[in-house]
Every structure is written in structure tokens, then in C-alpha cells.
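Shared between the two complexes below is chain A, which pairs with chain B and chain C, respectively.
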Partner chain A sequence: QFERVGADVTMKCGSMDWDAAVTWTVNGTDIDESHLNGSYLILKNVGLSQSGQYSCYEGSSWHLKYQTYLRVGTPPKEPVLMCRSNNYPKGFYCSWHLPTPTYIPNTFNISVIHGTKDMVCEKDAVPKNRCHIRYLQLFSTVKYKVTLTVTNALGKNFTTLTFDEFAIVKPDPPESVVAKPVPNNPRRLEVSWQNPSSWPDPESFPLKFFLRYRPLILDQWQHVELSDGTSHTITDAYAGKEYIIQVAAKDNDIGTWSDWSVAVHATPWTEEPKHLTTEAQITETTSASTSSFMAPPTTKICDKGAMVGSGAVAVCWTAGLVVAAYSVLFI
Partner chain B sequence: DSWGIFTFLCAALCNLPALPALNCSEELGAGQSIQQTYDLTRYLEHQLRTLAGTYLNYLGPPFNEPDFNPPRLARAERVPSATVDLDLWRGLTDNARLAANYRAYSRLLCYLRVLDGQVGTAELRHRLAHFCASLQGLVLSIGGVMSSLGYPLPAGPAAPPAPPGAPAAPNDFLKKMDDFWLLKELQTWLWRSAKDFNRLKKKVPPAVVTLRLEARGF
Partner chain C sequence: MAAADSPSAALRRRDLCSRGIRLAGKMRADVVDLLDTYVEQQGLDASASVAAVEGVPLAAVERWDEQTGTQRLLENLAAYRAFRALLAQMLEEQREQLGEADAGLGRALAAVLLQVSAFAYHLEELLRLESRGIPGEEGDGPPPPPRLGLFEQKLRGLGVLRELAQWAVRSARDLRQLAKPSPATGTAPGLVESP
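Right, the complex of A and B next:
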């Protein structure tokens, strides 16, 4: 027995007279007589918690006279329907759900009309609220009309989607995104990825890509759009900063962008921090020969040319240390 | 002036059979011509969006409503349809693929020119004329690709556009429906052509052209 939330429910004890002596139970627990009107059970403004097994027993003999399983729920609200082609040109799928639960079982019926033709949307086993359709024709001028009807014991509702074949094309995000530092290049990161595996024919239906990246410490993304190829080298990364990188895909000509791929993290190559060893070597080299002292390799920021002159101002502290080391040597 | 462009292009169209004899298209390379044709379809698609918006507004409701989804009337079948069976489309030979595009745009151009002669506002006439000129360029471009690959050009309506074969629409509303479907088919063809030329790009190796150049050298 199904009833709406907030309704008033009256249960009769089978064929018993109104003035018969009965006892009602819910899930095995006796119900207080205040809820009774004679032998009728009155439930006012039922709530979800009042769902359960209701039984009516004859007063003295304790014979079971009536039993019902009460389920309190709501009629369905307008369902949410979404259709998308992530495997163009093979076909498309539609998936749906209810915006609010009804607490009772619902059945969904989906119909797809293409012009005058009825098409069958094959229901997927998993997930349950999804079905897929194979395109029989490509480049159709006629729209597809998908109607989803949801029915339960307390009512029904429906929603409709009408769309062109090319409007619902949205690939899955690119897969296997990998970002690596480039040796000896402190401002570069090499990013590569693969076409989503659900996209069946990238040869005839090529994808284009959108890359976004930012250092973790900043909020502003940088964007690059790539019309072909599945790799890109970032050349303006901040040295030494960890980056977060994502890629999205879109059919070259139609449809919309995919969701962003899983984010990958990478930090550009940085030189070995040789300044730590330099300090120890300064004390050594005062007594040892000059050839044992190894100047640390310079970064692009600290140009070697800036340190040649003895009067050159140290641009960064590594340069400063080298200058200090040199001056110690030449004293 | 748009009429000047028309006459120039008409003259160019008449000279189309002579194109295979020219060196320039072969030197460009079939691959590059395919790329250029692809780019042209994307440009036309962009142009059509503005043109269609203006034209549908000119036709008025319900034609300019985004949800407008009328049934396809039998009379509208005259306009060549881009719709094709998936496996059939995949299996098209390069020649068939190019020919289908060539025929379709030649005919669509004819119909568009008829439209051009009938529309009311000067702005619309100007836009249509501009679009027709670009569409003419596309037809020539496809013809160029076919010639450079050694395919014969389909016998098309190269002659001045005759009025559409079927009798004119019996009433104003049906005439507007015809215009609506014409624009829709044009839009669909441009979107299909992008895919057709993508496929051709991959399948036509640059080596095809170098072989031909070598043959000419002997």
C-alpha cells in the first residue's frame, strides 16, 4: 500500500465491524488506542518513518485479520535528463535521475524519436539509469527528441530533450596525462596525453585540445589551445615551482569541450644545489690547489657573464658565494 | 561590388574544365588544396551562422525559434541531403566523396541564387551575394582538388541556374519552409564537409603529387 507524505490514512481491519475489538501493530509493536477510531486505524499526516508492516488482530483470539505493508513516499518530480555523444560517430547515451527521492519504487520509460522514426534506446545494465543508441545515419538535419517518463504508485512525470546530432557531442577527458621536467631547462615542462579511449575514430574525427596550467601557489590559470598533436612543452614555467596541469578535448569542428582531465603535478628541472658543498670547499681550497675548486654551474638567471668582472654585483646569493670563493682564492 | 565578383566567378566557373592543364594546382599539392578546402568550409560555416540568423529573422516566427523542429515534407527532398548511412560514408572512395560534395554545393548554390533574387531587404541581398561568392569559391576549390587528383568533374549545373525542377511553392508558408530546409541542408553539408575533408587529408599522401610531377618530367 502506497501513500503520500502528509496524507491522512485510514486502515480498516479487513471485514471486521467498526465496533469490533482489535489490536493494531506496526512492525510487531502495539499501536496505542488513541490512534484508533473504533476498529479503524487512523494515521494523520503520515511521515516517512511511518512506513512499515501494519497488522490487525482480533481482540481476544489474536487472529490475524488484516495485514498491509505501508510505504510512504511522494509522486515523482520532473526528472533530470541528459544526453551526450562521447563516442561520435557511433551513437549517444542518455542518463537520468530524479532531483529528489520518492522513497518508493519508480519505473522509467524512455522514448527516442528521430523525425518520424521511433528508435530503441538500449538500457545499460550498469549504471541502471542509462541507455544508449547507435546512429544509423550520420549528418542528419532532423532533430532527435528524447522523452523520459517516470512513474510510481503515486503519480507520474516526464521531461523532453530535443537536439541536433552535432549539438550533444562531448568527448571524455584525455587519458594518461603525463607531465615531466625537461633536463637542463628550468622553465620547461613536457606534457603528453592520449585520446580518450571512448572516442572510436580519431583519424576521421580528430580532436583538438585545451591545456591549462598554473603553479600551485597562484590562482590564475594559463591556457593553450592545440589543434593537433597529443603533447606540448610549456616554456614559461616559474623555476622551481610545482605546477598543476590539466587537459580537455573537443571534436575539431562540433560539440562542446570535455571535462578537465585528472590533474597532474610536476616541477620544472632545477640544478643540483651545489652551494652546500661550495662552503665546505672554501676552507679546503685555501690550502689546496685551485684546480680542486669547482664553480657551481650557473642558472639562466645568474648569468656567468655577470660574475666575470671582480667588481660585478652579485645578482643572487649563489653568485655571491662564487665571488666570495674567488676572492678568497685570489687574496 | 558583389555583381563584379559574380561575373568574375561566373567566368572562372566557365573555365573550370581547363584547370587540369594549369600547373599551379598541381604544384600546390593535393594535400595543401584539401587543407584549403577544409578551411573554406569552416569559414563558410561561420558565415552561414550570421546569414541564417538574419534570414530566419526575416522569415519571422516560427522559423526563427530555436526549438522549431518541423517534419520533413516530401517536396523538400529536392535539396541534396548530407545525411548518409554511417558505413556507406566510411566506405566512400575519395572520388565519390569529393564528387558528392561538388554536386551538393553546385546545386545548393543554384538554389541560393534563386533566393537571392527574391529577398526583400538590401542587407539580406548583400549578405546572400557575399555568401554565394564564397560558396562559388568552395565549389571551385573542390573542383581543383578533384582535378589535381585526376578525377573527372561531375557533370553539374555549371549552366546558369534554372529554376528548381518542382513547381514553385503553392503558398507563402510553404515557400518559407523550403527556404528553412535549404539553410538547414547547407549547414549540415558544411559540417559534413569538414569531416569529409578531414578523412581526405589523412588518406591522400603527398607522395601522390610528387609521382605526378615526376611523370611530367619524363
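Right, the complex of A and C next:
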């Protein structure tokens, strides 16, 4: 028994008279007499939580006189329908869903018309809310009309989509996107990818690509459109910065861009920093170089102009004052 | 058929196909722009469905992937010859209706007509390369339809431009098929046929 949310429901105890003594239960639990009008069960403004197995028993004998499974739900709202060709020119698929659940079973019926011709949309086993159609004709200006009807015990609704063959072509994103640094090139990144495997004939129906990239620390994307090939070298990367890179695809002539591919990260090649502990460096820096003993640039605390002394013992004014102050404290 | 198989012929075919693909791409872009202008200038609804008009070659085709190379070339040639005549008629009608009032639309129509003529010539070159006889233009179907009323002319024009835009896409695809080397012989598929 299906009822709408908010409805008032009256259940009769089978053929029992109105004044018969009965007991009602829901899911095995007795229902309070305040819900009874004689032997009738009255449920006002039913909610989803009142779904369940309702049973009515004769008072003294406890014989089961009536039973029903109440399912509280809603009639379907207008369904959401989408059609797309990610495997052009083989065919297209349509998929659908309800914007809000009905809480009761629904059946979906789809019809596809091309001009005056009815076409069969073969339902996929998985997912269940999807069907696919093979193109019988290509390059037609005649539009396709797809109507989806959803029905349940409480009502019916439908939606219609009308489109032409080219408009729904949208490939899947490119696959296997790889980004690598280029040795000895601190501003380059080599990016490569593959055509989506669902695109059946890239030779006759070539794809073009859109690449976007940015360093993680910035919000602004750089874009490059590529009319052929499945690789590209970025030549203006910021040295040493990690990049995020994505690629999208589109048929060369028709349809819309795919979603962006999975993002990949890469950092351009950087020169290996020189370490203090290597022997070669110790023997090399005997006299002139003070780099081993100077603070790195990011931690610089004074200007070169403020230096006093020379060579390995050069000390700037600020540091000198600090050292002097501490020395006085400990005398 | 020996000429069609020679390496120089294969190179020439590939060259003609790539240029044809570029021509078709440019033609399509210009036809799409022309469609926007045409719809606006003629006061039409861009989304209006137009019934198939007699004499306008339909781009729609079944079993497109099974066509031979020669079929593709012959169907394309017949179509573009028909469009050449249809566009010439549209240009004449447009000049009669609007005179100099809409020179922009006239120029755009003339430019597309030129491209259609060039593409038809390109297809003839490809057919010559395959040592195929070029069909005479008399055999290209029924004569142009009788003169229509003004509104019917506008709708026919819409139908012509829409189908031409579809053909431009189809032609690029057809030429890519033609440009594919056959795995066994190295020649384009479907062009080497038994006599």
C-alpha cells in the first residue's frame, strides 16, 4: 500500500465491523488505542518513518484479520536527463536520475525519436539509469528527441531533451597524463597524454587538446590549445616551483570540451645544491670563498656595506653589536 | 589502376586530402558565421525546423564507415555541384530582394560560393588522380526548383546553409578516410576496385 507523505490514512481491519474489538500492530509493536476510530486505524499526516508492516488482530482470539505493508513516499519530480556521445561516431548514451528521492520504487521509460523514426535505447545492466543508442545515420540535421517518463504508485512525471547529432559530442578526458622535468632545463616540463580509450577512431575523428598549468602557489592558470599531437613542452615554468597540470580534449570539428583530466604534479629540473661535507668542496674552498661560512641569502641579516674586517672573519655592525652586548652580560 | 598505386600518386593524394580537409574546415567556419548573419538579416528563428527542401543534397548517410573512397568522392562532388547552383540562386534572389541594402550578406554568400566551387574542383582533382571519369554536370540530379515566394526562399536558404555546414564536416571526415593508407597495399582504402 503506497501513500503520499502528509496524507491521512485510514486502514480497515479486513471485514471486521467498525465496533469490533481489535488490536493493531506496526512491525510487531502494538499501536496505541488513541490512533483507533472503532476498529479503524487512523494515521494522520503520515511521515516516512511510518512505513512498515501493519497488522490487525481480532481482540480475543488474536486471529490475524488484515495485514498490509505501508510504504510512504512521494510522486516523482521532473527527472534530470542527460545525453552525450563520448564514442562518436558509434553512438550516444543517455543517463538520468531523480532530483529528490521518492522512497518508493520507480520505473523509467525512455523513448528516442529521430525525425519520424523510433530508435531503441538499450538499457545498460550497470548502471541501471543509463541506456545507449547506435547511430544509424551520421551528419544528419534532423534532431533527436528523447523523452524520459518516470512512474511510481503515487504519480508520474517526464522530461524531454531535443538535440542534434553534433551538439552532444563530448569526449572523455585524456588518459595517462604524465609530466616530467627536462634535464638541465630549469624552466621546462614535458607533458604527454593519451586519447581517451572510449574514443573509437582518433585517426578519422582526431581530437584537439587544451592544456592548463599553474604553479601550486598561484591561482592563475596558463592555457595552451594544441591542434594535434599528444605531448607538449612547457617552456615558461618558474624554476623550482611545483606545478599542477591538466588536459582536456575535444573533437576537432564538433561538440564540446571534455572535463579536465586527473591533475598531475611536477617540478622543473633544478641544479643539485653543493653540500659542506663533500671532500672536493673542502679542498676547493681554501682561501677565497667564504660561502660555507656565510648565512644563506634568505637568512641574510645585514648589508655588505655594513661589513667590518675581511675574509672569513668579516662581521657586520649589527651582529657585532649583538655579540658585544652578550659579552658584556657575561663579564 | 597502376597510376593510383604509385608513390607519387599516393603523395599527391595525401597532399590533396590535407588541403581539402583545411578547405572544408575553413568553409564550415564561414558557413556557420554566414548562417548567423542570414538568420538575423532574414528575420528567422535560428532553432526553426526546416523540412527537407527539394534539390538540397542531404549530408545524412547510413553506413558511412562502409563507403568506398570512390563513393565518397562522387557523393561529395554531386553535393558541392548542387550547392554551387543553389548558392548562386540564393545570391541572385538576395540581390533582387535587397539590392545594395545588405551588401555584407551578399559578400558573405559570394565568398562561400567561391569556396564551394574551389572544393568541387578539388574533388575533381582527386577523382582524376584515381583515373576515374568525372561525371558530367547534367547527371547531377533534377533541375533547380521553380521560383518560390519570398518566405519560402528564406526557408530554403536556411535549409541550404544548414546542410552545407553538415557537408563541410562530413567532407573533412571523408577526406581523412581517403588519406588513410591501406595496410595491405599502401593505397587509400576503397579506391582500388575491381573493374
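By definition in this document, the second predicted complex is superposed on the first by the 275 of 331 C-alpha atoms of A that agree within 3 Å, B and C clash if a C-alpha of one lies under 4 Å from a C-alpha of the other, contacts with A are read in each partner's own complex, and residues count from 1 in each chain.
By definition in this document, contacts are C-beta pairs under 8 Å (C-beta built on N, C-alpha and C of every residue); 3 or more make two chains touch, one makes a residue touch a chain.
These numbers come from a predicted model, not from an experiment.
For the three-chain model obtained by superposing on chain A, do chain B and chain C clash or fit?
Here the two partners, once superposed via chain A, clash with each other.
Taking the superposition on A as described, I'd like to know which of chain B and chain C A:G6 touches: first, second, both or neither.
After superposition on chain A, A:G6 lies in contact with neither partner.
Residues of chain A touched by chain B versus by chain C: which partner has the larger set?
B
Using the superposition on chain A described above, determine whether A:P101 touches chain B (first), chain C (second), both, or neither.
After superposing on A, A:P101 lies clear of both chain B and chain C.
Name the contact category of A:P273: first (chain B only), second (chain C only), both, or neither.
Neither: A:P273 stays clear of chain B and chain C.
A:G47 contacts which: chain B (first), chain C (second), both, neither?
neither
Touch test for A:T116: chain B only (first), chain C only (second), both, or neither?
In the superposition, A:T116 contacts chain B only.
One more residue to check, A:K145. First (chain B), second (chain C), both or neither?
So A:K145 only meets chain B here.
Where on chain A do the contacts with chain B and the contacts with chain C coincide?
89, 136-143, 166, 203-206, 252-254
Which chain B residues qualify as touching chain A in the complex?
Per the touch definition, chain B meets chain A at residues 42, 45, 67, 69, 71-72, 81-86, 89-90, 181, 184-185, 187-189, 191-192, 194-195, 198-199, 202.
Quick one: in the complex, what on chain C touches chain A?
Listed in rising order, the residues are 25, 28, 49, 58-62, 64-65, 162-163, 166-167, 169-170, 172-173, 176-177, 180.
Any idea which chain A residues touch chain C in the complex?
Where chain A meets chain C, its residues are 89, 136-143, 166, 203-206, 252-254.
What residues on chain A touch chain B, complex-wise?
89, 115-116, 135-143, 145, 162, 166, 203-206, 252-254
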